[in-house]
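Notes to accompany the following structure.
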Amino acid sequence: MAADPGSHDATTPAAPVTWPGGYQAAATLGFDMDAEDVALTVDPESRHRLSAMSHQAYGPLTGVPRVLDLLERYEVRATFFCPGYTAERYPDLLRRVRDAGHEIAHHGYLHEAIAGMSRDQEAAVLDRGLEALDRVAGVRPVGYRAPMWETTYASAELLLDRGFAYDSSLMDSDLPYQLAERPGEGARSIVEIPVSWALDDWEQFAFVPELFGPGVIEDPAKSLAMWTAELTEAHRHGSCFTLTVHPFLSGRLGRLRALETLIQTMLTLPGLWLAPARDLAEHVRSLDLTPRVFPQPEIPA
Amino acid sequence: MAADPGSHDATTPAAPVTWPGGYQAAATLGFDMDAEDVALTVDPESRHRLSAMSHQAYGPLTGVPRVLDLLERYEVRATFFCPGYTAERYPDLLRRVRDAGHEIAHHGYLHEAIAGMSRDQEAAVLDRGLEALDRVAGVRPVGYRAPMWETTYASAELLLDRGFAYDSSLMDSDLPYQLAERPGEGARSIVEIPVSWALDDWEQFAFVPELFGPGVIEDPAKSLAMWTAELTEAHRHGSCFTLTVHPFLSGRLGRLRALETLIQTMLTLPGLWLAPARDLAEHVRSLDLTPRVFPQPEIPA
Amino acid sequence: MAADPGSHDATTPAAPVTWPGGYQAAATLGFDMDAEDVALTVDPESRHRLSAMSHQAYGPLTGVPRVLDLLERYEVRATFFCPGYTAERYPDLLRRVRDAGHEIAHHGYLHEAIAGMSRDQEAAVLDRGLEALDRVAGVRPVGYRAPMWETTYASAELLLDRGFAYDSSLMDSDLPYQLAERPGEGARSIVEIPVSWALDDWEQFAFVPELFGPGVIEDPAKSLAMWTAELTEAHRHGSCFTLTVHPFLSGRLGRLRALETLIQTMLTLPGLWLAPARDLAEHVRSLDLTPRVFPQPEIPA
Amino acid sequence: MAADPGSHDATTPAAPVTWPGGYQAAATLGFDMDAEDVALTVDPESRHRLSAMSHQAYGPLTGVPRVLDLLERYEVRATFFCPGYTAERYPDLLRRVRDAGHEIAHHGYLHEAIAGMSRDQEAAVLDRGLEALDRVAGVRPVGYRAPMWETTYASAELLLDRGFAYDSSLMDSDLPYQLAERPGEGARSIVEIPVSWALDDWEQFAFVPELFGPGVIEDPAKSLAMWTAELTEAHRHGSCFTLTVHPFLSGRLGRLRALETLIQTMLTLPGLWLAPARDLAEHVRSLDLTPRVFPQPEIPA
């Protein structure tokens, strides 16, 4: 007979979420401030590749300032998920993001892939990222997005221990929910704001030889059409549209123009609450939802 | 001189199929209920990757319920191909699928790739999947779809031994046919309902780093256009349109909207018989077609 | 100082070609009858994978008959490049192609990748393919297309020794030309009808896990648009449009419909000579062009 | 505590650039004359693959002459980045490019990937490429584009030692700038004209089995749309549109037609300065910009 694969109906779907008065759906823009770090993590030897480094530096040097201008023009506040290494290498930029009123959230230190790390290693990375954001910009983030969206079954507890209010790395729902740190009585919970590979510019645009991507670079018109369709449906369903873009990719001119068009659409959708992830998390916390549990799957013998 | 590569005109094309009175063509919707299992099979270590697991859990938690609502709204019955592991982990969901009047079919236990397995191993996987569907939902499936569409030259016999009425994993025709379990006299046969990589959402949408996919995520508008063209032609040719979608992929909002549009098109095509694979198989069985044989190719010295 | 990289202006561009009276440009349709062989060559163990074999068998079983019907309907003659193994496994089909008046050309025996083979091995493959086509259909082909378009610097000589009139595997021009078997005096030459990766359905549609393709399956509307644009330009430039399609891929319904549309366009372009490659080769031979030489590049120390 | 990741705000964004009187933005067309060399560098054994060699030879034999005709028709001058090996193998062609008034720039000798090379090796490649261009066409280039856009932290100094006026291999900006050869006092600087993977035809079209590319070949209509959108934005932003095309890819008929359309658009955009990279570099040099520094990232312990 088969081993029990974890639990019976181990997990339950996310409950519907009601939005604050007058809003029928939500959207949040997240800018992952990956720069040299994400390349260095994939291959430390890439530090000798000046062109690859410059490709990554496009984010902080050209992309982020342009994104800030765009957001200011439309009076939109967003969330910037910043690796500690980016913060230390571009401190003035991080302070500029902060001073513009945007949320700054945690995104690892060197954009480490957590998969395969021990709990202690994961904790050390969290602390190192916190330290960098604090030292550089005096920021104590309440939000976390795992680099490569790689979390472990220990992540929620580690985040709660450090006072985080939300995580944004899971993919089982279109709705925010309360995630229990573990199965069982007395478990604390954290707000989860789920993401989606289809709502990430990485799969559309990322390419650096021997580092990233499949080598197919898409037309921004394609991602705009895809994301607009997804946004329209999220609006219709009362869901939450969570977009992830990387200034080293989407800061390029044609792509930023497409992003501007998407923002214009957002602003015309009636009853769409466009807010930093922090605000969504705070609202979700206030709903006092039953926390959900993800029992780790066992592999049957 | 060359070795004989198996046989002379070893295989014969599928014969034309007539459809029940009033119908000129057929279509069937198959939902592969792959969840954590398909990731665990590719890499057992993925069980430690919570985000990857949550990506797979989107299927049972969010995608399948949404698919059920969609099918109910259009009064369409479909076939759900369910790995035993998914059945055990989400038993209430499987029962909900059953109670909604849809067909439940066999899709392996842990979504095992059968390629390279011995006959005994293949048999054991079949039995384990049967046991799970029976225990969880009291279902004895008559249909089978091989995980990854990987069957062996032993599969038909193993399926017939277990009372299956049809398989849906081969790709040599657009028409259902009778597949002989082996060449030679006295061989039994099973109905085959062929599939196609072009009519599968996996190649359009699947991406999880180090697990699935090429890293290119397509616009649902593209797959909708491609599938609609294929459907239109199948309708015109009196063929059978067999679509395979995965709720962990196509359950996402924009993609489900595209699927809804496709269903609307199906319902407006005159004389299109949209039915679960089980019904198609029963009809094909009644046609008493000459069974076809696939002699295994030899590789010449 | 650098080594001489082969020769000074080692190769010269193809000379313009004049077409027979009344024609301003040419086009030829080539159907590569790859079936199980191309999979067996890539991985001999694939012979145990029934589904993969059936995917390949779609070509001879479903695709080729449908292609023959299409060509007959439009009264178009084409060239079928047939591996010896396919000929032996589907002898009646090959004879049907022959009897419909189409050209049958050589395409290896087991669709062998010639890269890395010795001259003797390459010769043996050529002979084995010739023997198969002769034995099965009494055909002595005058045309050759290398599997995977992989030829060596010995290929032209080997082909000429066997009485071939043309090869269709190179990619340096849009125009047919005379290819010298080697540099130097007294060299014989063969007609070359060049091909292009962009005019091949493989890169648009091929996918079998662990065997072929990148895993991205394109919409036939995309390849149709791309090929139509290329055809239009070839027509305008007096060039030669050489399309390569595989019935196991393009024989599928939606793709065949796109191919039909392309053929309709071909038939409406004024002064377009649509003919089997054999006829083009015969015409080019009659032009008495100066043979071209491809000195093999040396890699400098 | 974290190691210092290189420097605090180690790099500063490129300053805005003013264009010569009457111009509001700039554009430059670069043709990388990669031929057999780029294949030989990736795999020396590819020299035995005649078809692969012929695929590369399409550039000098068919593509470049066609590009020259196109540029002459529209009276546009461009920059041809030529590997030394191509120069030696196709000397007459290089002289024809020179005599047509286009700029010839340095693109390595055998299209060597510099990543991982020592400083001496990098210097030797530069010298060998210079020697080839001089010997073949009497050209002393002032511009350099690194093969594969791979430069090192030593490149700028090596280029300045050899009298180069600009490099065109980095990716951190859309604007040309002055790049310091190193941090610190007394450093010389070179003009940098940045490039972008999205403005390169390689990712759209390159495919040779076991050599290049992901195996997805795009429709020129897609790249044209993408590049036109990028051009339009560059024009609006007063930026510099730097397109990189390879005649062995974009010299094909349908793609060249798309390039022609793009050039027509360029010529209708008011105040767009379309010039060889050399002219842009000369202008940027005259602006006396503060040189920028890229401190090499350290990887923290």
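Brief remarks on what is shown
Per-chain numbering from 1; labels A, B, C and D assigned in written order.
By our rule, a residue touches a chain if its C-beta (ideal position, glycine included) is under 8 Å from a C-beta of that chain, and two chains touch if they have at least 3 such contacts.
Worth saying up front: this structure is predicted, and the values here are computed from it rather than measured.
One rotation lays the C-alpha atoms of chain A on chain D, and its angle is 90 degrees to the nearest 5.
Taking the CA centroid of chain D as reference, the farthest chain centroid is that of B. Residue numbering at the chain A/chain B interface overlaps only partly, since under half of the positions present are found in both copies.
Between the CA-based centres of chain C and chain D the separation comes to 34 Å, rounded to the whole angstrom. Mean C-alpha positions place chain A and chain C at a centre distance of 49 Å.
Among all residues of chain A, those that touch two or more other chains are 214, 216. Residues 1-2, 4-14, 115-116, 146, 148-153, 155, 169-174, 194, 196-198, 203-204, 213-214, 216, 218, 222-223, 225-226, 229-230, 233-234, 237, 239, 294, 296-300 of chain D are the ones touching chain A in the complex. On chain B, the positions that touch chain A within their shared complex are 36-37, 40, 44-45, 47-55, 57-58, 60-62, 65, 84-85, 88-93, 109-110, 128, 131-132, 205, 207-209, 214-217, 219-221, 252-254, 256-257.
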